[in-house]
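Note that chain A is present in both complexes that follow, paired respectively with chain B and with chain C.
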Partner chain A sequence: MASVELTRVAKSFGSTKVIHGIDLRVDDGEFVVFVGPSGCGKSTLLRMIAGLESVTDGTIRISDVVVNALPPRARDIAMVFQDYALYPHKSVYENICFGLRLRKTSAAELDRRVREAADILQIAHLLDRYPRALSGGQRQRVAMGRAIVRDPQLFLFDEPLSNLDALLRNEMRTEIKKLHRRLRATSIYVTHDQVEAMTLADRIVVLSGGHLMQLGSPDDIYHRPVSKFVAGFTGSPPMNFLPASVARPNGVALVELAGGRERFALPARWQALGATLVGRDFEFGIRPEDIGVEARGNDVAEIASTVIVTEPLGAENLVTLGTAGGELTARFAAGVAPRPDEALRLRLDLSHMHLFDRQTGEALRP
Partner chain B sequence: MRRNELFTAGRLRLIAAAVVVVNGFFPAVWILLTSVKPELELVRKPITYLPHEFTLDNYVQVFRQQPLGLYLANSVIVASASTVVTLLVSACAAYAIARLRLRHRDLILSAIIASSTFPLVTLLVPIFQTMRAVGLLNTYPALILPYVVLSLPVCTLVLVSFFQSIPRDLENAAMIDGATRFGAMWRIVVPLAAPGVFTAGILAFVNSWDEFLLALSLNSAARMRTLPVGIALYQGEFTFPWHIIAAALVVAIVPIAVLIALFQERVVGGLTTGGMKG
Partner chain C sequence: MSSPAVDLRASRPRLRLVDRIADPSERVLALLLLAPAALFLGLIVVYPIARLVYNSFFDLRMSGGQSAPFVAFENYALALTDKIFWNALWNTLLITIITVIGALLVGLGLALLANLPYRIRWPVRLALLLPWAMPLAFAGLIFAWFFNTDYGVINDWVTRLGFAPLQWLLQPGTAFAAVCIAIIWKSSSFIGLILLAGLQMIPRSLYEAAEVDGATRFQQFREVTLPLLVPSIVVALIFRTITALQTFDIPYTMTKGGPAHATETLAMLIHSTTIDYGDIGYGSTLAVLMFIVSMAVTAVYLRRLQRD
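Take a look at the complex of A and B:
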């Protein structure tokens, strides 16, 4: 088992800087997910940890050993690739035991471990097949088997599920989570899918443009995003943003939407901060599940809206609404299915509201 | 009937293929037929196409009259050695060009292509003088070394394109599994590039097997002659013993034909599919 520590790690390809000084510590046994839009440098960062890319600047430690100059084979890691990267000319059995063979494991031990890994992943019946005779999901399992059979100190995953269809993806996601509960191996998992990140991670690292945007538990990332970028990246559908400003006409700080056509008081815990915000431009953020038609809790704002479309999902309905300040998406219970053009009084649960600076995107905290 | 119906794409292709096959095979078939006819039948008129009198005597004669076995052995040694060396060197060169982040990669590739465009005659004198200077005339290396050099560019180019078709992550996976970079190349890339390696190997082998000019100039001593030189020098002995020469030619062609037939099996693709998502 291992910890991983990155200190001011940077990467340039030629003169293009793609990773800008990342500091990060992954604890022993932890499952950390790197998430961010395509091209933000997730894979590059992972491959530097694997030793497949050189480190331009900074230090990478695995179990407190600086590994910058170590080749991948000396790092005691396993990696599952996006395209599986199974050896096409080797059987499933040989694919799984390739690493053990290279390490001169005895024949009996090797066979025992391959069969154990195959049992865990339910691929024992596939051992004699070749990769070309496997379905996508089976290839994925073989790739996982190849990783776990070596019992490495660190697991790396680069978008391992992105080539599977939705159903299989959910199944394998659960499988990976079960596997982690069982093996408790330190894992770093790269994905662009925030659902995977939320469901799998002990902690999430949100990346954008080679910068670390936020590092925190799924709960932190979801409920306490530090920026509009992070807030907009999580949740599906993601958080709603409406241009807003703050006014304080008679000692009470108000949020004004649509140039004051819609206004409501900031909750009590925001009042002190609110007094300092007058005159600046903000984005008001509210998640779809915090918009309702009935009042919940104390800090509620009412605004007028018109239903644009309702998308039934069975267990719930996604409703797109037009308001004076702009469009909102709300998540209503299955019983609440308003018709298009219907006028609705919306109740926004302000105990879960967010304000972001419109220029910098930075979140404000009361 | 409209003209373009007469010359459909399918028919044109068939005609073109027939021309190529006849043009390529007629001489070989003719030599094969000649080699099993007695000498008298060759000069008889009218011409007989299929042998009236089938004989293998020419094959016995060809090994008796001349040390054809020796020439054959020389050719096998020179061609095999130059093929092995060519493959080793070109595989490493191609790997570096296809995989490593080389500076001036394109320049290197252009230089390789350019070097293969020099006509052999222009190289003959310098190569001859070099070999004489280092005392290698009439030795195997005198031919092996230049043959390697001559085959390297085309073999390297063939292998570059094969290596490039193999996903990098296969090697990355092997390196993470515990292989060195060379080990990953050897255990993963080379087996997967087998069709390319065989193609390059056949090119190198045939290049060396057929080569005449250098073989004649550098290794003219009787005991060092390769097949093409040995057979060509038959003519000078007395008359043109066509039936014997034909038998010698068949002896020279057969190893190549067998080699290609054997490896064609291996060259059939399908080996690289299935490891990746597709």
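Take a look at the complex of A and C:
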């Protein structure tokens, strides 16, 4: 297996710069996910690592070897494509063994490895079929089989689940995770789906506009986002943001929402920082699961709200609420299903609150 | 236990024709809806062919007056013993084989060239389209000029290279080659266009997958491009072969079939028999034979297409 190191990697198409000097190291056996909205450069970055796109600036190393000038076939990588890229005129068996055949692997060894990969992916019964006779999930498995059969030093996945329906996507996500646990292969996975990123990754790289916004564990990204962008990109539903300011009328720093119509004291650990924030504009951030109707813990703020709509999901209810500062989405337990127009006193768990600079979007930390 | 068979048709009341038209069954309705198209097709396709076959059994001449004697298969017997017919058939088949293969190879090259990721693609595409858009007779005249013994550009190059100029269109072998070159030039752009469309249907990700799998450019061509281009190649071959069997304009404008029938095709022989000599009966016979050859070749291709 291999490590991957990107040093000030940049990419331009003509005069348009799409990747802006990214530094990143993926350790041996690690599963790293590139996540970001459409057009953020995540697929381009992956294709640069694969050798399918040239590198405008910087260096890419795989196993400490600079690969900028190496063609894909010389990088010892395998890639699973968004559309699976199965050869339609070859059977499943031929699709899986194609790479081995090109490397002049002996017939016996080739057959052994194809059948082993097929067994792992539970597609042994499909080996004689052609891609047109396979379902989306089966094609996905064949594409994975083609990747693992070569035992490459690096696996690259370019949105491999985006063409599957929701149920199959969940199933295949688990399969990929199981496969990685089994093979412990260094893997880089691109997705725009933050759930995939959170569930699969050892570490997540959040990209936006060709810039690396944050690199960290799923826990870091979710609980300690460095910016409003990262905070808003993770979580389903995402974090709520309300325009806010900080006041300190009696020596206690307060968060003011809606021009002071709602105000509550900052938790003790925020007080020192809060004193320096008076007069600036912020976005107050709180996740749906940190909003309740019953008091939880000590750092709780109460604000008035009116129920706009309740969306029952079975195990829980998503409730959209109108407050003086704007709309909020809350995640309530299944038993809490308020009716539209019902007035609710909300309890915000401030131990999980966030403040973001309204100008720069940067997160503030107490 | 088997139940006794019931004949449902026997219990159905028999409808009068008027009732069946007023309230047609699905089958009758289908026939009624198809009738206009069938009638039209009959008029423009079936009738001319039937008339051609009919004429081939008569000694029908432009100068023969109102009544033409029925000669049964005499015209066919004449054709099968006619050296000029066999020569024209041989020329036609040879031109078909040479120019179809030649145009396929050149067309494939042109399609691959036009499919390269040029920044500005339209000049390449236009260059590919131009020979196809040009009238056949015009292409024949251009190449007749190219191969002209005294003023042609080909002999200009030949003499510049230090060789003696050739009488291209006046010797059987070189005239045949010149005609084939002109036909390949004219028809390869058509094949190129069909193959270009086929190439553009091949997803780029297949090449990328092959590249990651370790395929060189040549291996990508052999393992991805060619197999996926087969349906387009077969379609191009069918169209091109059928038109090659009907070759007329280019040899007609370049050589008039000469020297000594060396470049005369079946279509040209039919033309000269019917138009120049006014022998419509024999000309029809030759046309029927050519039709049979065309149908036989097309059937072979269609069988192949169905198998794919």
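Just so it is clear, the second predicted complex is superposed on the first by the 366 of 366 C-alpha atoms of A that agree within 3 Å, B and C clash if a C-alpha of one lies under 4 Å from a C-alpha of the other, contacts with A are read in each partner's own complex, and residues count from 1 in each chain.
In the analysis below, a residue touches a chain if its C-beta (ideal position, glycine included) is under 8 Å from a C-beta of that chain, and two chains touch if they have at least 3 such contacts.
Just so it is clear, the model here is predicted, and its values are computed rather than measured.
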Chain C versus chain B on the shared chain A, clash or fit after superposition: clash
Task: Give one of first, second, both or neither to describe whether A:Ala78 is in contact with chain B, with chain C, with both, or with none.
output: both
Message: If we overlay the two complexes on their shared chain A, which of chain B and chain C does A:Arg139 touch? Say first, second, both or neither.
response: first
- prompt: Is it chain B or chain C that touches the larger share of residues in chain A?
  reply: B
Message: Looking at A:Tyr130 after the superposition, I want to know if it touches chain B, chain C, both of them or none. Which is it: first, second, both, neither?
response: first
Message: Quick check on the output: what are the common chain A residues between the chain B footprint and the chain C footprint?
response: 50-52, 71-73, 77-79, 81-83, 85-89, 98-99, 102-103, 146, 150
- prompt: Which residues, counting only chain A, touch chain B once they are in their complex?
  reply: 47, 50-52, 71-73, 77-79, 81-89, 98-99, 102-103, 130-134, 136, 139, 146, 150, 163
Message: Under the stated contact criterion, what part of chain B meets chain A in this complex?
response: 167, 169-170, 172-181, 183, 188, 191-192, 270-277
Statement: Touching chain A in the complex, chain C uses residues 203, 205-206, 208-216, 219, 223-224, 227-228
- prompt: Given the complex with chain C, which residues does chain A contribute to the contact?
  reply: 50-52, 71-73, 77-79, 81-83, 85-89, 98-99, 102-103, 146, 150
